[in-house]
Every structure is written in C-alpha cells, then in structure tokens.
Amino acid sequence: MSTLPLPADPEADSRVRAVFDDIRATRKTDFINHLWRALAFDPPLLERTWAEVKALMAQPTLLDPLTKEMVYIAVSIANSCSYCVHSHTAAARAKGMTDAMHAELLAIVALAAKTNHLANGLQLPIDAAFDCSQPS
Amino acid sequence: MSTLPLPADPEADSRVRAVFDDIRATRKTDFINHLWRALAFDPPLLERTWAEVKALMAQPTLLDPLTKEMVYIAVSIANSCSYCVHSHTAAARAKGMTDAMHAELLAIVALAAKTNHLANGLQLPIDAAFDCSQPS
Amino acid sequence: MSTLPLPADPEADSRVRAVFDDIRATRKTDFINHLWRALAFDPPLLERTWAEVKALMAQPTLLDPLTKEMVYIAVSIANSCSYCVHSHTAAARAKGMTDAMHAELLAIVALAAKTNHLANGLQLPIDAAFDCSQPS
Amino acid sequence: MSTLPLPADPEADSRVRAVFDDIRATRKTDFINHLWRALAFDPPLLERTWAEVKALMAQPTLLDPLTKEMVYIAVSIANSCSYCVHSHTAAARAKGMTDAMHAELLAIVALAAKTNHLANGLQLPIDAAFDCSQPS
Amino acid sequence: MSTLPLPADPEADSRVRAVFDDIRATRKTDFINHLWRALAFDPPLLERTWAEVKALMAQPTLLDPLTKEMVYIAVSIANSCSYCVHSHTAAARAKGMTDAMHAELLAIVALAAKTNHLANGLQLPIDAAFDCSQPS
Amino acid sequence: MSTLPLPADPEADSRVRAVFDDIRATRKTDFINHLWRALAFDPPLLERTWAEVKALMAQPTLLDPLTKEMVYIAVSIANSCSYCVHSHTAAARAKGMTDAMHAELLAIVALAAKTNHLANGLQLPIDAAFDCSQPS
C-alpha cells in the first residue's frame, strides 16, 4: 500500500512522458517501475531524481556497473529499504551477479554491520594511522 | 573515550598474542589497531571476530579487495560508525582507491540513501519484475 | 502479522476504555487505530504513550499541526517505520498537506539523507561558525 | 560541542530545581549529568523525560536493573548514540556488569546486527511458526 | 518475496544437511526456519552463521537465555528488521517472556530510542563521570 | 579528523570558484563551511550537491524556510549525522528558531522515535483507514 495513488495515466503530462521516454531509451526496455510512476505526481522531483540515477547508475562511470549495484544494495540493506533491496538486487542479477557473488556481498554487509556495532559499543578512538586528513 | 580501558599489555595473554601475531603476519605490519586491542578484554570474542575479518577481508575471495572495502565503507556510513568509516577508508586508500573513486563511491552511497528515503516515504509495492524468489 | 494478538474486546478493561474514550473525544472520531489496540495489552504503557501523543500532537502547541506531522513523517522515514509513515501521512493529508507539499517534504527528507551520508562519509569537523553552545 | 548552551545556573528555575532534587534523591548522588542540564532549557520537557526515565529505569519494575541497562545499551548502539552508549555503559557497570558480561552483551548485539542485515538483504517471508498474533 | 529462491531440496547438499541436522538436534524440533533455508544457497555462509548463532544463542552462556533474546529483539527493532523481530519475539515467548515482560521490554526500547534522539539532537559532551576508559 | 584533506586553496579550480561564488552570493556571506570545502575534491559532485541544496533550501519554495530546516534537523538526528545536526541547527537558529521551538522540535523527534520503535516492535498491520493509495 503506497502513501499516494500510483497515477493511472502519468504520461498525459508531457514532462513525465519525456522522463519515461528517456528511461525506456536508456534502459532499452518498456518497463517503468513503481518508483518512477509514483514520482510522476511531482514532475520536477521526477526529473531531478532520474537525472541523478541516470548519470551515476545507468551510464558508464569510473566504477564498474556491478560494483555500483552492490554498493547500492549495501546501503539499502543498512537503511532497511525493502523496495531498493529488491530493485537493486534484480539489477545486480541482470548485470551478472552470481549466487556466489550475492552470498559474498551479503556476508560482507553482515560483517560490516557486526563490527559497526562492536565499534559503536566500544566507542573507540580513531587510530592516528587511519588519518587521511593530511595532504600526502 | 572508549567504554572500556584499552589494555596496557594485552599480549600477556597467550590467546591474544596468537591473534595479534596472526594479524601482523597476515597484514605484513606491526600495527595493531584499537579495535583488536579493545577486544583483547575477551579473547574468544577477539578470536572469532578476527577469524571472520581475516577470512572475508584479508584473504583472496571472489570479489576483489577494493570492491569489498567500498562495500564495507558504504555500510559503515549508513550505520553511522565513525571508527569503521575511518579504518576502512584508510584500507581502501591503501588498496588503490583514488580521489575520483572515493568521490564516486560517496556519490553512490548518497544517492542510494536519497532513493531509500524516497521509497520508504512512498511505501512502494515491489514490482513483479523485481521478483528474484522463483527458480530460473 | 503483529507480534502479539490485537485484543478482541480491549475496552473490557476500564483503564483501556478511559484512554479509548479520550482518543475518540480528542480526535472527534470513533476510529481507534491498531497502535492503541495493540498497546491495550499493557494499560500503563497505553496511558503514558497516549498522554504524550495527545499533549504534543493532538493539542495546540507552539508549532502548527501540519509542521508537526511533517517532522513526524521525516523521522519515521529515516527510522524505516512503515506503520508510522502510513499513519502520519494520512494525518498530514487530513490536516491539509497537498500533493505539492508532500512532494517537497519527500524531496527535503531525501536531500537531508543524501548530505547526512556525504558528511558521515567525509567525517567533517564541525565549523566553529555552527557553534550554538555558547550563551549569546 | 552541544547545540545549545548548557545553562550556568539551571536551578534558578524552581521547576528545574525540583527535578534536579528528585534526580539527586532518587540516585543518591549529587551528580547531575549533561542530559538533564541541557533539558533545563525547557522545564516541561525536562519534567516529562525524567518522569519516564525514573519510572522505568530508576525504580523497581518487572525486569531486573542490569537487564534493563543492557537493553538500553543495545538500542543506543544500534541508533549510534554515543552519549547514551557511554552513560548507560557506566550505569550498567555501576549495577554489576562485569567484563565478561560486557563482552557477551557486545557479542550478542553484533550478532543481531549481522543477522538483521542478512535477513534484510534476503527479504525473507515470516515463517508461519513465528506468528504470535493469534490468541493462544 | 525473498531476493533469492528458497531451495526446494536444500538437504541434497551434504554440508547443508549437516547444518540442518545440527539445528534440529540443538533445538529439539524438526522445524527449520526460512533464514537457514535461504542461506543454504551458500553452504559456508550457512555454516559460519549457524555456528555463531548456536554458540551465543542456543547454548548456555553467562547471560540467561531470555535476557539474550530481549537484547536481540531490541537491536532488531532499532535496525528495523521485521523478520528478526518476529523470529526472536517468538523465541522469547517460548523461553517464558510474559505479556508484562514484553510490554516492559518495548517500553524500555522506546524510551532508549527517545533519549537517543534527544541526545543526538543536543549533541551532548560525554560527562567525565561516565568515563570507563581508565583501568580501575 | 576528516577522511580526506580539506584543500588549502580549493578556488584555484575555476569550477570550484564558481560554486563558492554562488554560495557566497546566495547566502550573502563570505563563509564557506567544511562540507563544500571537502566536496571541492570532486567538482562535479560539488556542483550537483550545491545545486540541489540551493534549489530546495536556499531559495523560496512552497514550505517556509524554518519548517524546512526543522525537517532537515529531524532526519539528521535520526540518521545520527553530527555534522548536519550542528549545521542545520545553526541555520534554523539564524532563521528564527527560538529555544521554545527548538525544545518542541526535539520533543516531537523523540516522540516519533519512541512510537517508531513501539510500532516496529509490535509489527502492526496498517489500518485500512490510513490507505492513501487510492485516487480520491
């Protein structure tokens, strides 16, 4: 149950149609997922959000596409965002994540969470050796 | 200010010494960071935690070492663990993370957090197309 | 699926009935939502929780009612509480939140999450100019 | 650096003095920690917060005092609240938490965080056997 | 909807069968819950995770079994892990948690969250009296 | 201690200078806070982040400026971002937030966190009356 109606005919708005056309062209698919349909209720928010996702996740950048999806999944798990865990796990699978890579990703996310909680419980001072704040 | 004293002479305990020796040998350095020194207050917890970190982060696995550090940083940011952000940023730098890669990592973590909050605010239903729960 | 049974006849307990009567009178509706029905399993917890919600959210205070609901939604999104996102979005709508206001609220929550993650990734020192700890 | 000045003479306000007197009497100490001094900037908020802490944490209830402190520490770690981790670790130590108990508490908090992240990454359906929502 | 298929016949793998046999023997029940079935997709991850859960949660340790479950629930609530809240609430009930104990646990978790947010909003300096970092 | 050096002369880069000039002109001050100085290590990330902050927070929009700062503080507290709590509390103060408004904001954030944890602990089903997903 979403907190606002998914619009029946979002592309009646020309700004929404332009974004949806770009999503389809960029991703080479007719599928428009719920996030974009929901954001159609506010075309400027839709435009800005898609522009950012496109630039970082749908176009070539420095990091490889699968690494980016795995980082995205990691953050989504830690923030407990069910929708984003599902959508980016599906994206990672489409980009070649195997069972073994998925298992290792989950193992590292879980280990990080474990030591995050240990370190926050211990309230450790930062080691001087970890100081990256000085010009090298 | 930590929540327990960092021990003055942790290696007086032979189990602690064995773990610290293994940390030094595995990492090829004499440096033992605060997390391990603090965990020395309970040798079994120290042994189990190091065994897991060693197996996943300090030995070759399926994912490459730098990808693993970036995933670790991502989780640590989302969980607001200052110590782990520092220690794993230093580790990623040591493994070759450049300024440009660091910037892109932070940009993706921030974008993921942004859409996590949008999706949690919208309470979107999962698209059927994202269903990875059926055998392929 | 809740973690305890929603009681069939919670108002058989006179303390519960008194709270439910006050909820109905304060909100001018017969509707008692699941949170209060569930808390009926422990009347003192129900009483204290309702007293606090009533004082801050159901009675006039310094901040206007819609601002308070938007702050409540913001926290509930960040804490990933699906129930509270739903209940307080409905409350904000009832108090006049339009589509455009909802979109702007979500945009600000998402932007805050984005810069929260950037700042936690950068581990920035607090600027002296932000120091509010000295008497003016 | 706090986000508001800690007042120099908070007990000049009679409502604040009454709360501080009750804190000293309840805890049998002259020490008033920063949380209460900061909340003195709004006496009603100070009164309500202390009343709740007193009722649940400073008076006998069903759960024993040390168990309550350990639950409090666990939540504070997961919410990354440095102040509360420190204050409640000190309180737990004062109530008898030994090194070994502290280590086991941290181990369980860390394990819970680990499986929390695994389960959120796997998006598991709830087992019917865990259903506590039906009257027994 | 999980993010990977729950395997139809996980015990065809001998390592999985060995873990499941140990779960059944340790817990004295034929029931294997979804977490373990899902983790069967990666036997080493399954083995390591069960070994840790068994050692801390299914065997006698310093803290009593019900206290450990309550700490586990507290972390799972704060991390917004629906699966773990359900599974560990059921476990705590099986180990004797009454309605009144459940209510008090939830009240303490909620109070901790409240003061966590107050303290994080106030950005309080740690009181010197809470310093546990010096040897006693 | 930041995770990268704050550059000594960031405005030597013309793209950085252009952003800093816009920050000074928009905010009518010579002060450039650490977030922008740190982001200067990657001019495109700096440009995009400032563009978004400027559009939503530094220019007139539908919601009033103080409401927006209070929502921003609320999210930053829940995400435990010390830097953002400080910077946006200072901004809210500059825009007119009084002690009484600050206290009420913190009280609502804390109450929301409290009921978030209660509702996540109870795993409540959403009331049909809260359904905002149908067109009205």
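Lettered A, B, C, D, E and F in written order, each chain numbered from 1.
Basically, a contact is a pair of C-beta atoms (placed from the backbone, for glycine too) under 8 Å apart; a residue touches a chain by one contact, two chains touch by 3 or more.
If you're wondering where the values come from, they're calculated on a predicted model, not measured in any experiment.
Novice: If we look at subunit B and subunit F, which chains touch each of them?
Specialist: A, C, D, E
Novice: Report the chain whose CA-based centre is farthest from the CA-based centre of subunit C.
Specialist: Of all the other chains, the one whose centre lies farthest from subunit C is B.
Novice: Find the pair in C-F, D-E or C-E that has over half of its contact pairs, by residue number, in common with B-F.
Specialist: C-E
Novice: Measuring between mean CA coordinates, which chain is farthest from subunit F?
Specialist: Of all chains, E has its centre farthest from that of subunit F.
Novice: Please compute the C-alpha centroid of subunit B, do the same for subunit E, then give the distance between them in whole Å.
Specialist: It comes to 20 Å between the two C-alpha centres.
Novice: Mind checking the centre-to-centre distance between subunit A and subunit C? Centres are C-alpha means, answer in whole Å.
Specialist: So the centre of subunit A lies 27 Å away from the centre of subunit C.
Novice: Report the inter-chain centroid distance for subunit A and subunit D in whole angstrom, where each centroid is the mean of the CA atoms.
Specialist: Subunit A and subunit D have C-alpha centres separated by 33 Å.
Novice: Where in subunit E do residues touch at least two different other chains?
Specialist: Correct list: 1-4, 48, 52, 75, 77-82, 85-86, 89, 100, 104-107, 109-118, 120-123, 126, 131-132.
Novice: Take each protein chain as a node, join two nodes whenever their chains touch, and name the resulting shape: line, ring, star, complete or other.
Specialist: Topology of touching chains reads as complete, every chain touching all others.
Novice: Tell me, which parts of subunit F touch subunit B in their complex?
Specialist: Its residues touching subunit B are 1, 3-4, 41-42, 45, 48-49, 75, 79-81.
Novice: Where on subunit A is subunit B touching in the complex?
Specialist: Those in contact with subunit B are residues 1-4, 31, 33-35, 38-39, 49, 52-53, 56-57, 61-63, 67-68, 70-72, 74-84, 86-90, 93, 100-101, 104-105, 107-109, 111-127, 129-132.
Novice: For subunit E, which residues count as touching subunit F in their complex?
Specialist: Its residues touching subunit F are 73, 77-78, 80, 82, 85-86, 105-106, 109-118, 120-123.
Novice: Any idea which subunit A residues touch subunit E in the complex?
Specialist: So the residues of subunit A in touch with subunit E come to 80, 85-86, 89, 99-100, 102-104, 106-107, 117.
Novice: In their shared complex, at which residues does subunit A touch subunit F?
Specialist: 1-6, 8, 48, 52, 126, 131-135
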